[in-house]
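Take a look at the structures below.
Below are two complexes that have chain A in common, paired first with chain B and then with chain C.
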Partner chain A sequence: MSPTLMLAFLRQRLTSPMRLVLLVIVFLSSVGMNTVTGSFAGAEGNALFYAIVLAAGAIGQDISSGVLQLMFARPVTRPCYVFSRWFAAGAGGGALLLVQMVLACGFLLARGLRPDFAELLPVALAGIVLAFTASAVIVMLSSLASGLGDMALYFVATLVLTGSGQVARWKGWSVVERLADELGHVLAPQLHLAWLAGRGAPSWFELVSVLSTLTLSLAVAMLVVNRKELSYAAG
Partner chain B sequence: MPPAETRHGDTRRDPAWLLVAAALLLLARVALGVWEERHVPARANAVHWVPAEIAPAVAMQTGKPILYEFSADWCGPCQRMQNELFSDERRARALETLVVPVRVVDRAREEGRNSALVDSLQHACAVEAFPTLAVVSPDGGRRQVTSGFVNGEQTLQWIARSAMTVHLGTAPNGVRVR
Partner chain C sequence: MSPALLVESVVKTYRAGLGGRAVRALDGVSLSVEPGETLGIIGPNGAGKTTLLGCLLGFLTLDAGRIEVEGRAPDDLEVRAATGYLPERLVLDRWMNGLDFLRYHHALARLRDESREDDCEAALDRVGLERAAGLQRIGRYSRGMLQRLGLAQALLGSPRLLFLDEPISGVDPAGVMLFRRILTELSQSGVTILINSHQLAEVERVCTRVVFVQKGRIEAMDTVRAGASQARVLRVRLATGPLPPAPSALAAIAAGAGAGFKEWVAPDARFAVADDATTTRLLAALLAAGVPVVEAAPEEGRLERLFTQGPGGAP
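Coming up: the complex of A and B.
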């Protein structure tokens, strides 16, 4: 992992007007929603969004702009590059969620309302894990498509999986339905950690699924980038 | 111009430890998926259940029909319904805007018998299997009943349709309901 690569990546992301607009809109509306309702339920989903916005085009844009060839002219290994991209986007997404929650808590306390602190820890933890997982998935897709092709892949795959899941449910094809459901959870991972606060029983399957998606996506991204031919003649 | 990549000073490193971890986690994922298919863990509840004793009064006051959810602790599909519908924050909020939710848990298998209230509600809604959902108008005059569970979204849609049906007294196909 290279801190220089991570900082440069985050600086580049946070100076992109389109990303900034998307992040600010969702961030402010989520803080408002948390403050008005006094609840943080479902806030972990925001981390997913932040990570996706930050990670979109993480590798693909470097490939299409020709930066990747220059990048590997330095003593940086390819896995280190992929790992830094993933970690920066995940950490950025998780950090944004934490700032959102702290701000909302501050506003709630200013209104004289006490936030449900028992609810906060599971939501924050789940959000951070989901941010790193979503970031890994987008980095993997970004290693497969140049530019912002990862977003196209993401939306097409989501549409196809949703559609095939619906058809399978309608036709009663339980295996296809389950498969579409599982692959859908790769693109939009879910994690409920309310059991950490003594609410409900833990689902180890859900936790292992998220970690499996994370490691698989990172491994695929590293393997794909390792096998990319980056000499100028390759294009 | 950047140097051409050669084996000497190559930037490629296959992440062996990551591949091993990914393979092990994938195996664990499949195994746990099969295990939890049979032993569904209960997620935290997101619905504010109303006690059956006061539900008719709450329903008369709010004008919303009552949703009776008949379930049992040993019932697998009931656990799936819990996870996909009653533990889902968005669906739980939507459900609470439509109906007064009442949970009726059968304890006959564990304790040999149910309370009189549970027995009378099961009898009134003709419960023969779990899970059974019954949407009943505030005055108790009209009801819609269904058994089994397919998925959270479909069940929520059924509850919304049934709430409308018992409110209007007419099903979407124009048939009057009792």
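Coming up: the complex of A and C.
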């Protein structure tokens, strides 16, 4: 991984007004919600959102804009490029969640309320893992489609999987329903780590599913980028 | 000495979409470039020039053949660390300012952190961009400024190999002269340079050798400035008067100056001259003989002839 590539990527993401608006709206409303309710339940989902917003077009926009030629004329390997994009978006998403939680805790303490610290660690950890997983999925989709085509792929796939899951449930096709459900978890991974705070039993399937999604997505992204020919004629 | 660039029987085919028609962009191209050589690649649009550059830079996968850059694979990181590249379709990170862009590429090129600021400012200065321009967002740059910044990033770290794709496209005359001076300096300092350009006059000025690519093949290879063998036709316009000059007299003057008389079609006389020194001698001889010269200009360069008439038309 290259710190230069990661920093440049995050700086570039934050120069996009649309991304900034989306991040600020969700960030502020989440801090407000956590402060008002005094609960952080479901906050890990925010990390997923932050990571998706940051990772959207991570590779596709570079491909469509044509900046990859200059980058790969430098001593930068393609896997390093993919890893840097992935890690920057994941770390950015995770960091935003942590800042959100710290701010909300501060406001709660200022209101004289004591946050449930036992709840915080599992949520923060799950959020960070989900941010890196979602970032890997979006980076993979981005390697397959130019520009912001990854977002189109993401929403179309979500619609198709949700729709087919509903139809399968209605028709009683349990295998199709399960398949749609599992594939849906690739697009919107879920991870519950409350067992770390002694609540409930660990779901190893969930954990393995998330980690395999992350690994597989990165492997596909690297394969696609490695095979990509950098020429307008090749396009 | 092993060549800086070695291209052997390279074939590259593009396929237009899934199951689409295959287009052979390079068809058995072979080429060897010595260290320190400045090679021009010319040819019509779609001839395969940019594809050749893409293969040399390791951006494209070869269907057949072999490429070595300083004895290594084109995508070897050691090769890339020694390479500067200015692409034809120059797309820079528009959200950065010029200096940030250079710092970014300085870091990507794995150059020393301690010299980053000095190197970037020196590169900016070298291509004639002021510091104020360096602090401006790239999105606000003119085409010419972009080309200058692109060249500045290509020169970072004093590369041993420089690949330039249409380097002076969109550059003003002052910029063209600056580019020419920089390329001459680099060439003299032993940098191996490949220039892909449609600006034939510029190629003729800065390159030591030129390859003419057409339909994916190298159709001709020509030494441009081997010593002083820059043969061309000089058109000399004479003042119109009651007595036109006798062609035999013009031929005698030309022979005395070491040039060749080609034809007289009033008001222009055409001479074949081998080099700049012969041109000077011929003009001096004409004036000394009282021939009323009002204008002298070289006709199309040999590259232009090569381009328009094909390999057979080259002198």
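For the reader, a short list of remarks on this structure follows.
Just so we're on the same page, the second predicted complex is superposed on the first by the 234 of 235 C-alpha atoms of A that agree within 3 Å, B and C clash if a C-alpha of one lies under 4 Å from a C-alpha of the other, contacts with A are read in each partner's own complex, and residues count from 1 in each chain.
We take it that contacts are C-beta pairs under 8 Å (C-beta built on N, C-alpha and C of every residue); 3 or more make two chains touch, one makes a residue touch a chain.
Since we're looking at a predicted model, the values are computed, not measured.
Looking at the superposed arrangement, the partner reaching more residues of chain A, out of chain B and chain C, is B.
By the touch criterion defined above, A:T15 lies against chain C but remains apart from chain B after alignment on the C-alpha atoms of chain A. Applying the stated contact rule after C-alpha superposition, one finds that A:A110 touches neither chain B nor chain C. Once the two complexes are overlaid on the shared chain, A:T4 sits against chain C while remaining clear of chain B. Contacts of A:Q69 after superposition on the shared chain: both chain B and chain C are touched. With both structures placed on the common chain, the touch criterion links A:L230 to chain B and to chain C. Contact with chain B, but none with chain C, is seen for A:A219 once the two complexes are overlaid on the shared chain.
Of the two partner chains, both chain B and chain C are touched by A:T77.
When the two structures are aligned on the shared chain, A:H192 is found in touch with chain B, with no touch to chain C.
Once the two complexes are overlaid on the shared chain, A:V175 sits clear of chain B and of chain C alike.
Touched by chain B in one complex and by chain C in the other are residues 69-70, 72-73, 76-77, 230-232 of chain A. Against chain B, the residues of chain A that register as touching in their complex are 41-42, 69-70, 72-73, 76-79, 169, 182, 192, 194-195, 199-205, 208-209, 211-212, 215-216, 218-219, 222-223, 226, 230-232.
Those residues of chain B whose C-beta lies close enough to touch chain A in the complex are 1-5, 11-15, 18-19, 21-22, 25-26, 28-29, 32-33, 35-36, 41-46, 87, 89-90, 150-151, 154.
For chain C in complex with chain A, the touching residues are 14, 25, 50-51, 54, 57-61, 77-78, 80-81, 83-85, 87, 89, 91-93, 95-96, 104-105, 107-110, 153, 163.
Here chain A touches chain C in the complex through residues 2, 4-5, 8, 11-12, 15, 65-67, 69-77, 227, 229-234, going by the rule given at the top.
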